C-alpha cells in the first residue's frame, strides 16, 4: 500500500470530487483546495477551469501551488483568460456550469450548518474569527451541492446545532423541511471530507452520516470525535485510498513545497514549515511558479 | 483641470475627516494602501470606519492606533499567518462596532450607490444569523413572484483610498493584477485618493491591459508612493513581505506591543525612513518579482 | 473537450429550435450576427423571439421572413438611414408581439439570471407608459425605505448568437470594439453560438485587450464566418456597408420587396455566394478599415 | 453678423450648455449632439469627457465627427481610456459628476413629458418608432436636469399632454406636484433647444416657457408652431447668436462633412447629402477621423 500523509489524503479525496466540466473557485489561504483543484486538472479533469478570487479571473492552465507568488500564478497578464467583471457577483454558483467551491467551517452541526464568524456570543466573542466572506451568500445556492472539508475532525468543529455559535453558512437548517420552504434554491451540503472520514447527508433526514471511513480509522473513532450522533450509510465502507500516482503527482508536481500542510499542521512544526516555504520561495531564481 | 498630484500628507489632510467611512481597496495581503494608512495614523484621525471587501493590515493598524470605531468587512485576517491581532482583541473587548458583512452585501451596497437605489436584492443570507445582527438588512418577498429574498442597503463611502501600480496626473488609475471591488469603491465614494507606484502618461494608461479601471472623473488626489503597499503586494512590482507580516503579528500580541510597532514603523518622518526601517534595499530586493 | 467548431448550418440546426428566444449581440449597425441570421431564415425556423439591446437588420430580416412572433428591444432602427422597415410594418399590422423594453429592463433582466434573482429593482420607468404595456413590470415600495421603485423580471434567453472578431476552438470570444451586453447575453443564455472572423489560439485571446469577454464555459458552437456581420460592421476589420443598408431599406418598402431581397441575398447556397452577390471584392475593399 | 445655418445654430447653442466638468454621453445616430459635445470640448470645456455608448467607454480626446468610422473614433483601442463595465448601468446619471445627455423627442408636451415610442395607439400604431432606448430609465434621474432638443419646432412635435401618444420620457408629469411625490429624484426637464427658441420651464407651474427667441424669430412664430400655450419668461430676450469662432470651428474642424445636417434636412436634399458623406468617407485615404 502506498504511503501518504493526512494532508495528501484530504487533498486527493477532494480532487476526486472535481469533474471535467467544473469551474473551480479558488479562494485565498486555502492551499489544500488549490492543490486539490490543480491535482484534478493535471490528472482526470483537464478541461476544468480555475476561477481565482485572487485574480478575478478564469484561468485555463495549471501552475504549481505557491504561497508568495500567488498573483504571478493567478493574476499575471499572460496567464488569465478572462477578466471577470464583478467581483463576487460572477462567482455565484451557476446552474449550467457546475461551479464548485470547498468551504472549511470553523464549526459544523449535524444538518451541515456552518460557522466561520465567531467563537462565543457574537456580541461578546471569545474569539472573533476572520468572517465568513461569501459563504452566507452562496451556501444556499449550489445546485451541485455544497462541498465542505475539515482538516482536523474533532468535537470542537463538529458540534450539535444548539452549540453552533453563529450560523454563517446554511445547510439543511433544522432538517425538518425541504430547503425550498426556507427560500433556498440549492441542494444543500453534499459532503464533508475530513482527516477521518467521508461524510454525507441522509437524503430523508438531512442529517450527517458516515459514508466511508478512511483506511485505519474505525467508525467508533469518527463518532468519538463528533459532537453529535452520526447516521451510518447503508453501504458504509472504507475510503478508497490514494493511489501511488495521485500521491506522486501531488508531491512532486502540484505542491512540492508542501504548502497544503499549513492547513493541517499546528504549533512549532507548522511555524518551521512556514519559515522553510518562505525562504525557498523568496530564493527562487526562476521567478514564476512553473506551469504544469 | 485642478492639480491632483500632491503629497500623502496633503491628500490625507485635505480629504480624510474624523468620522469618515473609508473604503480601502485591495484584498488581505494584496495591494493595500498601507502608506496612506500610516499617514492617517500619524495625523491621528478619529472615529473612522473602514469598509473593505477583505480586510487586512490596514484596518488592523487603524484599530490598534485607535483611529477606528467601526468596521465593515466580509473577512479580515492575515491569511495563513493567523488572525488580525488588533481586530480580534478590539472586537473581543467590544471596543469597535462590527457591521457583519459578506462579499455580496459589500458588492451590492456599492452597486446600489451608482444605480441610485435604496437597496439591492440578494438570494442569499436566508436562514443565516447575519440577519440577526444586521437590522438594516431585511427579508422581503419578491414583488413579482413572492419568493423570499433579502434586501441589502447601499454603502456610501466617504473616501476611497486605492493603491495602484500606475496612475496619470488626471487621476486615471490602472491596476495590473486583480481589481476586486476597487473600481466600485472609487466610483461610488464621495472622494477618492489614489496612491501609486508610478505616475505615467494618459497614453500609457490607454495602452495598458485593463486601461483606467479607476476613472479620472472620480479621483481627487494622486500621490506617488513607491512601495506604498508594503508589507502587502503590488503586482507586478513586488509581492508581500511575509517576514514583516510575521513580525507585525508578533508585535501585536498585546496592545502595548502594537504601540511599540507604531513607534518604530509608523511614527516616522517619511516614507523613505519607513523603507529604511523595514530593512532597506535588502528587504525590497527580496520581494521584487 | 467536445469539438465546438462546426459549420453555420450545423450550429443553427443543433442549437436553434422553433419557439426559442434568441439573444442577438451587437448594436443596430455594429457587429450583428447577420450570417447566422440568414442561416436561421434558410432553415425556416418559426415562432422565434429576439431580444437585443439595440436591434437592427437581423431582427428586421427575421420579421420579414416570418420567423419571429415577438420582439424585445429598447430601440430598433436603421440609425440615420431610417426606421426598420419590416419591423415598422409588422408592428403596425399587429403581426408580432412587442415587449416594450428599455436599456435597463434588458440589462437588469440578464443580470437577474446570473444573480439567480426573480427580479431586479430600478429607479426609473416611474410615471412612464412602459408600465401600462408591460404587466410583468411592477411598481413596488423599497422594503427598507418605502421608496417607490420598479421591479424588472429576468430575461431567460434560449440561444445567444454573438459575432466576434476572434474566437478560439475552446469557445473563448474576444471583442475588440464595444462589448455592449454581449457578454451578459452569452453568460446567461441556455446555449451560445459564437460566429467569428478568425479562429485564433487561446494564447492570442489572453494577449488581446479585453481577453475572452465571451467565456468558453458558456459557448456551444464556434463558427468561422469571415465578413459574417456584413452589412453591419466588425471592428477592427470592417465598417458597415451604408450602400447595402440603403439598398435593403429600398427593397423593404413593401413585404413583397423583402421577399425579393430574401431570394436575392438570403436564399443563397453559401456565404461565399452571398459575398459575391453583394458586390464581391469591390464592396469588401470599400468597407475595410 | 455672422452667417450660420439652422443646424449650426442648434449645435452651437447645445455646445454652450456643456461645462468643463461634464461627462458627455454620446448616443448613436445623433450627430448634432456629438458635434455639440465635440465643439464644447475644443472650445470652452477642454476637461469634459466623452462617454460613448458606441464604445462603452470614456474617451478623453476629441476627433472629427464621422458617419461611417464611428467605431474608429469611439472604440479604437488606442483612443478609449476606460472600459465601462456595464452597458447602460454605468450610464446612469451621477450626482458627483454632472453627467449630461441630450434627448430628441418625437413628441413633447407642455410639462416636458416625451414620446419616442409610437405615433398613434401603442396597441395599433400608425407609426411604430424605433423605441425610447434608455430615456424611460434615466429621464427622471438627472440631478443636472434633462437636456432636450428639437431640430424641427412644429405642432407635430409640440403637443398638449392629452395628445402625447405614449409617455416614454418623464418630465414634470402633470405639473401639479413636486417630482419627489412621484418617486422621481431628478430635477426634471431643464430646457428644450429648438430651431426657433430656447425654452425652459416655469419653476412654479412646471410648464414650458419661452426663455429666448432666436435672431429673426418672433414670439408669435414660436407660439404658432407649438400645440399648447407657452408661458413667457419674465426676462424673455433674444438668443445670443453664434460667434464667428464657434461657426468656423464647427464647420472646419468638428464636422466638415456636415453630418449634423442629417438631423435637420429632409427629402431629396437630405438623400443627396447622405450620399455625398458616404462617398467622401469611404474614399478617405487617411483612415481615421482626425484628432482635434
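Which chain is which? They are A, B, C and D, in the order written, and residues in each are numbered from 1.
The working rule: a contact is a pair of C-beta atoms (placed from the backbone, for glycine too) under 8 Å apart; a residue touches a chain by one contact, two chains touch by 3 or more.
A quick note: this is a predicted structure, and the numbers were derived from the prediction, not measured.
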Completion exercise
Of all chains, the one whose CA centroid lies most distant from that of chain D is A
Fill in the blank from the handout: Of C-D and B-D, the pair joined by more C-beta contact pairs is C-D
Practice task
State, to the nearest whole Å, the distance from the C-alpha centre of chain A to the C-alpha centre of chain B.
Solution key: 27
Exercise for the section: Please report how many Å separate the Cα centroid of chain B from that of chain D, as a whole number. Expected result: 40
Problem - Distance from the mean Cα position of chain D to that of chain A, given in whole angstrom - result: 56
Completion exercise
For chain C, residue numbers touching 2 or more other chains are 115-116, 122-123, 147, 149, 209-211
Practice task
Give the residues of chain D that touch two or more other chains, as numbers and ranges in rising order.
Solution key: 77, 83, 85-86, 89, 141, 185
Fill in the blank from the handout: In the complex, the residues of chain B that touch chain D are 1, 114-116, 170, 172, 183, 187, 190, 202, 205-207, 210-213, 215-218
Problem - Residues on chain A engaged by chain C in the complex (per definition of touch) - result: 23, 47, 49, 58, 60, 77-83, 85, 89-90, 92, 94-97, 141, 185
Completion exercise
chain C partner, complex, touching residues on chain B are 115-123, 136, 138, 140, 142-145, 147, 149, 151, 153, 209, 211
Problem - Complex contact set, residues of chain C against chain D - result: 27-30, 53-54, 73-77, 79-81, 83-84, 87-88, 91-92, 94, 98, 100-108, 122-130, 132-133, 147-149, 176-181, 209-210, 233, 235-236, 239-240, 242-243, 286-287, 289
Problem - Residue ranges of chain A touching chain B (in the complex, touch as defined) - result: 28-29, 31, 52-57, 67-72, 74-77, 83, 86-89, 91, 117, 122-141, 166-170, 173, 182-185, 262-263, 274, 278, 282, 287
